[in-house]
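Letters A, B, C and D name the chains as they come in the text, with residue numbers starting at 1 for each one.
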Amino acid sequence: MSALPSNNPYLPMVAEVVDQMEEAPDIVTLRLRLTEPHERDAYRFEPGQFNMLYLGRVGEVPISISSDPAEPELIDHTIRAVGRVTEGLVRLREGDKVGLRGPFGTGWPMQKAKDRNLLVITGGIGCAPTASVVGYAHERRDQYGKVTVLHGVRQPRDLIYGNRFDAWCDAKDTQCLFASQESGPNWKWHLGLVTELLDQVEPEAIEGMIMMCGPEPMMRAVAEELLRRGRPIDDIYLSMERSMQCGLGHCGHCQYGPDFICKDGPVFPYARVRKLMKVKGY
Amino acid sequence: MEKPKISVHKFSSCDGCQVQILSLEEELLQLADRVDIAFFAEATSRMNPGPYDVSFVEGSVSTPHEIERIQHVRDISKVVVSIGACGQSGGLQALRNWGDLTYYLNDFYTEPEHIDALPQSTAFHDHIDVDWEVPGCPPDQGQLKYVINSLLSGAKPNLPSEAVCLQCKRDGNVCVLVSQEQPCMGPITRTGCGALCPHQERDCYGCFGPQGGGNIDALGRRFNGAGLTPTDVVSRLRLIYSWAEPFREASRRWEQGAQGAPLPPQPHKHGGMRS
Amino acid sequence: MSERKIEVPVLARVEGEGALHVKIRDGQVEDLRLRIFEPPRFFETFLQQRDWWEIPDITSRICGICPVAYQLSSSQAIEAAFGAVLTPEIRALRRLYYCGEWIESHALHIHLLAAPDFFGFPDAMSLAKSHPAEVRRGLHLQGLGNDLVKMFGGRAVNPVGARPGGFYRAPSYSEVRAMLERFRAAQDDAAELIAWTAKFNFPDIQRDAPRVSLRHHSEYPMAQGNILASTGLEIDVADFEHHYREFQVPHSTALHAHLDGKPYWVGPLPRLNNNLDRLPDATAHLLEKTGIRFPSNNPFHSAVARAVEIHIAIEEAIRILAAYLKQPLPKPYVNIVPKEGEGAGCTEAPRGLLWHRYRFNAEGKVVKAVITPPTSQNQAHMENDLRQSVLESLDLDDGALQAHLEAGVRNYDPCISCSTHFLKTTIDRGD
Amino acid sequence: MDTAFMPKEGLDDLIRQLADSGYRVFGPTVRAGAVVFDRVDSAAQLPVGLASVQEPGRYRLEESGNRRFFDFVNGHESLKRFTFASQEKLWSFSADGTFQSGLSESPRTAVIGARACDIAGMKVQDRTFLKGKHSPHTDPYYADRRRNLFVVAVNCTVCVSTCFCASQNAGPMAEDGFDISLTELEDGFVVETGSAAGEAIAAKLDLIPPKGARERAEESIKACAQAQVRYIDNDGIYELLFNNLEHPRWDDVAERCLSCANCVMVCPTCFCHREVEVPSMDGTGSDHVRQWDACFTLEHGSTHGRHLRPEVRQRYRQWLTHKVGAWWEQFETSGCVGCGRCITWCPTGIDLTEEIAAIRDQPGEKAS
């Protein structure tokens, strides 16, 4: 009989929390480091990829990598506590251990976007996948043009990514615009839909590579608006989210038309998913 | 760190849910090491009046006094977990909700005027906010352990709401509905038991309550196709979880009249058949 | 004039919820009530109109502690009503199934409910710290009994495999073989358990009352036989209602039951006392070695009786399992053809006689159901016992007296949840 | 080895030889009125003289009137349960933060009576679970079982009303993917080998030259294919279904679908699974377990506290469009091998071939 395979993609590696940063009341960035030196040395990722993080005795969830691929030893995950596993993950402290499998999936088209402006559109509450894009471009300022970030929320209190947005707004050649569907005290930005922000940015921004992450109806509305404005569909990318159990294209939970979001995505060209996104309950 | 204080309280019930805890064998001792069993009348003479971190409540609410008691338990407990069918739906004894209490009292008691009973046997969530519900008559020990362990780890217990059929098939059972026309409730019943009835080669009778996304009327039509009358269908739905909303409402629909053609349609006519 | 009151608002380590009130005046028991506040659940009423085949699934929910007893008494009554006769093989399987419940229920009672009293602990979890091996042995026996029930019914509480006429499924060869091995391995544990319980520090008391149990011509009785009283009365189970009477007594809220006009006693100790000549040899030998003289009228010896019955059940299970391996059963039930009629059934629940009677219409739907659980039968005798205990122990302080009385209640393993019509009594709202 | 012939009695010998060579031998046996795979140690345990009558939502075993072993066609179980375990521990976690793989060399297992559609189903699952053109990762648990599986195929000479393997190019004859294949005739079996392991076992059997048996066997297999009444028209099926995602037929089927997932569970190609945590009561470790899952459950598509597919029609549509449509895009094959199990074992008798045909009959319709 042949020997058992040594390489088991279902088996987590061990990672240690080396830093823990609170972004907002229920959003935490965990900086992780693989404990095994050879695993650490071999680990590489791209912006937009994700890991499966395992919390002992509780469970495993997909979380995007939000740090810079140039420093693969330190892997950041910005996590919002929404349920069983994530609520436990955000309680972890320096020195705690988690299981880590990854990286998985295809990332943002950062090569294709070289020398171009970037239009990053996010929605909902805190959108980690796009953070990696902005961070990546900021680290390589000479390779990318202007970065424009449009962020839409339902109500002002959903705008909770405070520190990070402040840093982005202050960065060179970066513009941030916000929209809220409902008004509230001290809301000084746009009142309305994130699509309406497109009127407020300079035309060159819209000419850039477009990368989106957020609720599907929002992404679809923005993408369709951009198409109406004559943007080519090939310039529009978005990151999708589905339930994922394995990250390997085996468990079937993220099966989406002809794709598995975990391996064929999570970042897709809009053209690939446009038709299905229209269908309720797909 | 101080051990979390847990308590177990009984209301109108058969005690079976508590027995599921008492029969955890070695694991009962392990649990006792990890928590302070502050109140559990059936297991210990120590009776700490509270407050508690987690209270497990068994049974349904069927007397005025029980309303007061469950409210008190809620007041003195951080987390309240209802265990079992009675607590989740009023239980088997909610069958009386379909009739008239005075009939039951007169049928039963020589001096009914002295009996303190509410007209209906109801779930805890009808009276207080319940944090978690563990289904089943009785609940499954594996699910109970999972919930206890989750709460002790500070994690939300997510129990699946799918049909019994999935576990039935994982276990390799033969479908008694398809192979023997037994009126199996598995397709509309929530998983958790381990598909015990089909394993015993009999029909499921719904003791874990309605599944999350089932189609009760279609199964009723299937039973109809297997020879059950609408009255029989009502009776299938009105057993252990008769007062859980999906079964309650569907049984009312079936009481009011037919629900369309029996299933499956015979003989075959359409489509992918070479004639 | 002195007055003492013992109030036990919630009896601990009993099954179900009950309370005990005692009022002592001038050295006399003025009032003693074992109060049941289990709310009514109307089982007998909502059995009406249900189909015959649903009954065991419903009655098992009366009591989560002895569901097998309920299923089997129901099934017997149904079979009697419809004239169905079991084959000897199916009857043997039923006995095997019942062995599981006896073992499980008795082991639970000895270790989790009763034993802590004899060692001065509040519960078995504390007892396990000083007597880890004994408690673990007990829990494993309990588990073994549970697993035997599970072989037939998937789970030990409200198992699902029994039906009128037998079982839905015959256990497989491999299940039975594995079970047999485990039972053989448990024989020593059961023997040691008898010796262990016999050394408990028993109060020396005697309680006289007619002992009532089933009596079978050759076996230790479980689910077959006549009803026998130590007074000499022996009747068919169908005649039980002619001798048995429930009635109310002044100054007590609880309903009392008499057999031929007298309080009586059911449960493991009366059963053992009545059937000492029906013990398997190995068990009889072990019982003799305890040095306790049987028949015994000391209710505390119920703990030994339970251990003895665990041993009997293990011996019996081994015998039946081994026979089954030689001849597995193709069809595990006899067909039932419903007809109009009436039938009674009676089996020995771990805590005593459990008697059912049903009347059916021609379609096999229930017209009337009567269920008489063991606890209600013991009620009158139990209160007499406690009354006597109070008088014998007046010199104890309140705490010790209460503990003594509670332990006395536990001897009967009253199963309060199953007090179906044991509740046909007034719950006095004035108190 | 050339084609050979094995008299009836040889079946017992085959079982013995497999057992003697260290395999756990599974074969078809009768339980609860149907055929299931169970451990066997003699041919007497097989369902000799039984045939299955299968219709939508109905399965019955009846006397076949002859003494053949394999006229029952199939039961609800396929080879899937031998390669893709319905529940298994992936790994365990200990309090010290380490992980222990749940992988252990699986026992060598021989299965007698796999049908062509079962083998086809296994080959479809290979595309999901084994690294290659269609999958970037090998599932070692699957791979290990797959490696230790010895398949004794049985070519179908009779079929039931729900069979349509011919339409899916998946049978009734197994072309490859077996170690030994048998075709049953009145007097014995035509035997072929498909692997070195198969050769080794066949060498120990008393085989004789087939004479005309091979031709007779081929005849009856062909007749079996021709007797099949159901089919799927696979022409442009991906486009057909994905252009009709709002077709009223989805509402129609939702009236009948119980959302019980039986179709998924019995399908030899469905591979969805979920991972669950089983923490130990002593508070130290836990097991990470996976089990078969299905797109018919509410939880399957739940994200952000909302159900992705709250309606039955959406869940049925997810299943069918993937199975017979998107599968072509992902795996270059249909996800349906025409075994008919989902038709027979659907409690309400939903027939996917009929649902597809209904959409094909009136494409482009929109739900009102």
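To be clear about the criterion, a contact is a pair of C-beta atoms (placed from the backbone, for glycine too) under 8 Å apart; a residue touches a chain by one contact, two chains touch by 3 or more.
What you are looking at is a predicted structure, and each value in this text was computed from that prediction instead of being measured.
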Centre-most chain [mean C-alpha coordinates]: B
Per Cα centroids, the chain farthest from chain C: A
Rounded Å distance between chain B and chain D, as computed from the means of their C-alpha atoms: 34
Separation of chain B from chain C, taking each centre as the mean of its C-alpha atoms, in whole Å: 26
Whole-Å gap between the CA centroids of chain A and chain C: 63
Rounded Å distance, chain A centre to chain D centre (Cα mean): 39
Chain A: positions in contact with at least two other chains: 57-59, 83
Where chain D touches two or more other chains, by residue: 32, 277, 279, 286, 293, 299, 310
Shared interface positions of chain B, touching two or more other chains: 149-150, 153, 158, 201
Touching pairs - complete list by chain label: A-B, A-D, B-C, B-D
For the chain D and chain B complex, residues of the former touching the latter: 31-34, 36, 55-60, 75-77, 81, 86-87, 164, 228-233, 254-262, 265-266, 277-283, 286, 291-294, 296-299, 307, 310, 312, 315, 344-358, 361
Interfacial residue positions of chain A with respect to chain B in the complex: 57-59, 83-85, 87-88, 91
Parts of chain B lying in touch with chain D, wherever the complex brings them together: 24, 27, 30-31, 33-34, 142, 145-146, 148-150, 152-153, 158, 160-163, 165-166, 168-180, 184, 186-188, 201, 211-215, 218-219, 221-222, 260, 263-266, 268, 270-275
Chain B-facing residues of chain C, complex: 10-17, 38-46, 50-51, 54, 57-58, 61-65, 67, 104, 108, 112, 116, 122-126, 128, 135-136, 139-140, 142-143, 146, 152-158, 160-161, 163, 167-169, 406, 417-418, 421, 423-424, 426-429
Chain A contact footprint on chain B (complex, rising order): 149-150, 153-158
